[in-house]
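Below are two complexes that have subunit A in common, paired first with subunit B and then with subunit C.
Showing the complex of A and B:
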């Protein structure tokens, strides 16, 4: 075989290794049998029906959806504001400011979760959805910032001054020039941060208390029993996340202008 | 004299420890075409940006008529600018770009805005591409959109920051003519920043020459050309050969390549340093010695053709380069090969002595 073929074979192997568990999860979520084993026990939607009838799963699902919706808006707003201050202003301590803004994803989530637990208990927020939301905003904002910063880097430094020069105040310029220019990155930021928040487990597990989000609920289910319902939930979570990521991928601004 | 439309009073700009503009005072008359020129980093663009309100002066004052606008934000100044980079709004159509300024003013209703933008699109010959996105346009077309966008506001003062330097030579000449025509038709005051003296001299009523943050000279092209204020201006304009020497009696200057009589400009002071400018178009060349006064012997280096003129470069005995401009037809008289010896002379009335000190 030629080198190119070896490369192709190797690539296929790697993707199989990554995707097989996910594929089997999806496949067995439609299996009528109780246990995920071959032979295939026939097609069934009963596990999906079961999770929709399980109040705790339904509640977790809606909580996760609400949290990710709010988080995506807050995190993208903060990400935009951070990226814009970096673009427009020069100030002392700009480098540490940016480093701190980009820091959260580099901290192990376990440490982050513990830190938030101890902080939120001091301010009496533990066990509330607000705590989960605040935690997720911290984790998600840097992703939105990175996307929007990339977009702003492509904006000519003369564009905003040109708008001011034509009589547009800073505020009018922000709305009529800067935000429209950043819109692809803002939409991509909304999608990515929603995806990250939707399947984030560790922070939610530490601070959610009884307000379980879907990933936390899944773990609780797993601890009690191994049920094919897990496969059904897993498939749903996977498709929601992958859809959001795909949306982000499609609208992420390219180099081309 | 009429009241100036724009006054810069002891205007100054520092960036940290660097001085971009030393205290500078100048006035601009209503309706004039003033070009500010100088090499890059001379402070011309900084000055324009301060006038537009995009840079805050470190000291000094800017007045529009009698109104102090030094601290006014840019959107309240009504002095639209044409940018070297065009700075068009990339996600808008040509028409939306031209309407942008009118939209901000709010005193224009939509139909009024449409009509006005339409007029300017028409006037600058870009109406056919009104609904195209600006990134589909060529450089020359973009520059027209930028001009229309600024002029649609019908300002009293138009600021232009090297608007033609991104265009190729042919288009540049065409736009030069168009800018000059527009200036004549509209009666608007043009403040034009450029590093190109040919642009400045071709269009401006007056030119202001800056160097390293100092205003060197301000005056008509003719004044600057004929009577440069100092050595920098003379070198920047580049129309003369510069020879330094010591002043003597009766307009005489002693130099390393001979003693000359220089009757124009400031009379040389005996015993003092004297800088003589010999206009390149005042020099006569001959193959043999003529015995004329103000003559030098030189080595022919090279020639450059520009239109109907030819510029010859000669080397004098003290390694000074001499520039001689002749009509093509005059060149037929004398055949030169690089390395040839040639004799040059010029009338005493043409040699100009700079003011020293």
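Showing the complex of A and C:
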């Protein structure tokens, strides 16, 4: 059994590696010392107080919150519409249609960012939150589409035709059958897309200009000196996104039956 | 499956309402920007202004510079190294989750693997920057043992730690799914025929999960190849990776056409790698087993 023991120990190590940066981040955000390291300098909330008093951090936080709220609604709507189209219709060009709907997350964000920067600068949108929102929706919609499409896969394709035969219009069927069925996936999609948008920094960095979102602020701080304030902001950002991801995972319908 | 099977070509408002949003949005904000990126590689910068043109000068300029090829090779090597490292590190863990762990442990593990994918990569890299620094937690601990301090930042080691942070969760997850889809009776049969655990893994489990294992390594390569944060903040930026070249050309150099040349080269490289990987995973196209 020793082989199995070694394997278990290795697995624990791999997970430790994955979790270490988060644990260290949060722990040292409460450390009183100026440099986040050992020995422990005593418990303190002063770095949190400091960031709440920092205007640029507060402004970035509200921008990120606004952007992610709008992005999650738009991306989830587009994701639902695409998933439903894939579920209900067959048409010529469906494969390329689905490809452009699903591919954006596989393109490195740096390259998307550069492309969007040049595009938005031509239409004079660089430096606006609208540009950030448009870019984030591109990245986020495929996640919502995937979640909702999985949910639709569990809905019998005969249910909607049954409603139509009974005289319900397609809009009424959509409203009273399809959308309620998809609701858990729609809510999960809202949460996941909000989390992705809230964390995204590369596209935002390229197109936001002076309208820095919170992750862009963090990126700017990273270029300066190490400060426990970044630990505090990071912990806050992490806490918000993990809450959203946890919500999504709890309400995502289990596939196993 | 269209609700109206009659052969008519009337405008269908309902279908259009649901089909059009993705088409419109992704064309406007995904395809057009990417197309513009390709077009821009042929544009010129005249007295600091971007001017549409049709010149090969940007391509010439980048492709004849040593720093471009140094950067290209370095980026490629790092990505290949990380793809191998991540696969090797992930495999025992994925194998453990797929074959030995309890269902409860498995559920918790999946949650822990999904979470990092959606939670601030930037913040995790910042955290590593502190942990690995000369006065950081790790070096303090090494100091207790009378070792160090070690230089773990601003070199390939630091960058690799960052890259692994980025792709290890995904690698473990894809490998785990690949391994759990293996037909268990194959492994039982191998055992019945007298195969030891190691031999079973090498000659039955790994070939059976080949597609998933190759995909996992490919994703690690793609993520590493395009990443900017790890090489810039943990790797120290020297030699510059392609991602750093892009950012430099865009942010400080203000020469977008040259940055686009690098970006388009990266996209072509990634597509080539992806097809090579799919070919390796599925064999010759059309030749089904």
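Here is the rule we go by: the second predicted complex is superposed on the first by the 254 of 257 C-alpha atoms of A that agree within 3 Å, B and C clash if a C-alpha of one lies under 4 Å from a C-alpha of the other, contacts with A are read in each partner's own complex, and residues count from 1 in each chain.
In the analysis below, contacts are C-beta pairs under 8 Å (C-beta built on N, C-alpha and C of every residue); 3 or more make two chains touch, one makes a residue touch a chain.
No experiment lies behind these values; they were computed from the predicted model shown.
Once the two complexes are laid over each other on the shared chain, residue contacts for A:16 go to neither subunit B nor subunit C. Of the two partner chains, subunit B is the only one that A:177 touches; subunit C does not reach it. Using the contact criterion defined above for the overlaid structures, shared-chain residue A:82 touches subunit C, although it does not reach subunit B. Using the contact criterion defined above for the overlaid structures, shared-chain residue A:118 touches subunit C, although it does not reach subunit B. Once chain A of one complex is fitted onto chain A of the other, the partner contacts of A:153 are absent, as it touches neither subunit B nor subunit C.
Subunit A has more of its residues touched by C than by the other of subunit B and subunit C.
In the superposition on chain A, contact of A:45 is made with neither subunit B nor subunit C. Within the superposed three-chain model, A:164 lies in touch with subunit B and with subunit C [touch as defined at top].
The contact surfaces that subunit B and subunit C form on subunit A in the two complexes overlap at residues 161, 164. Subunit A makes touch with subunit B in their complex at residues 156, 158-159, 161-169, 172, 176-177, 180-181, 257. Subunit A makes touch with subunit C in their complex at residues 3-4, 7-8, 10-11, 14-15, 17-22, 24-25, 28, 35-39, 77-78, 81-82, 84-85, 88-91, 97, 100-101, 103-104, 106-112, 114-119, 122, 134-135, 137-138, 141, 145, 157, 160-161, 164, 170-171, 192, 195-196, 199, 201-202, 206, 215, 218-219, 222, 226, 230-231, 234, 237-238, 241-242, 244-246, 249.
For subunit C in complex with subunit A, the touching residues are 1-3, 14-15, 17-23, 25-34, 36-37, 40, 89-90, 92-93, 95-97, 100-101, 109, 111-116, 118-131, 133, 135-137, 140-141, 164-165, 168-169, 172, 197, 222, 225-228, 233, 243, 246-247, 250, 256, 259-260, 263, 266-267, 270.
Those residues of subunit B that touch subunit A in the shared complex are 52-54, 73-81, 83, 85, 87-91, 100-101, 104-105, 135, 149-150, 153.
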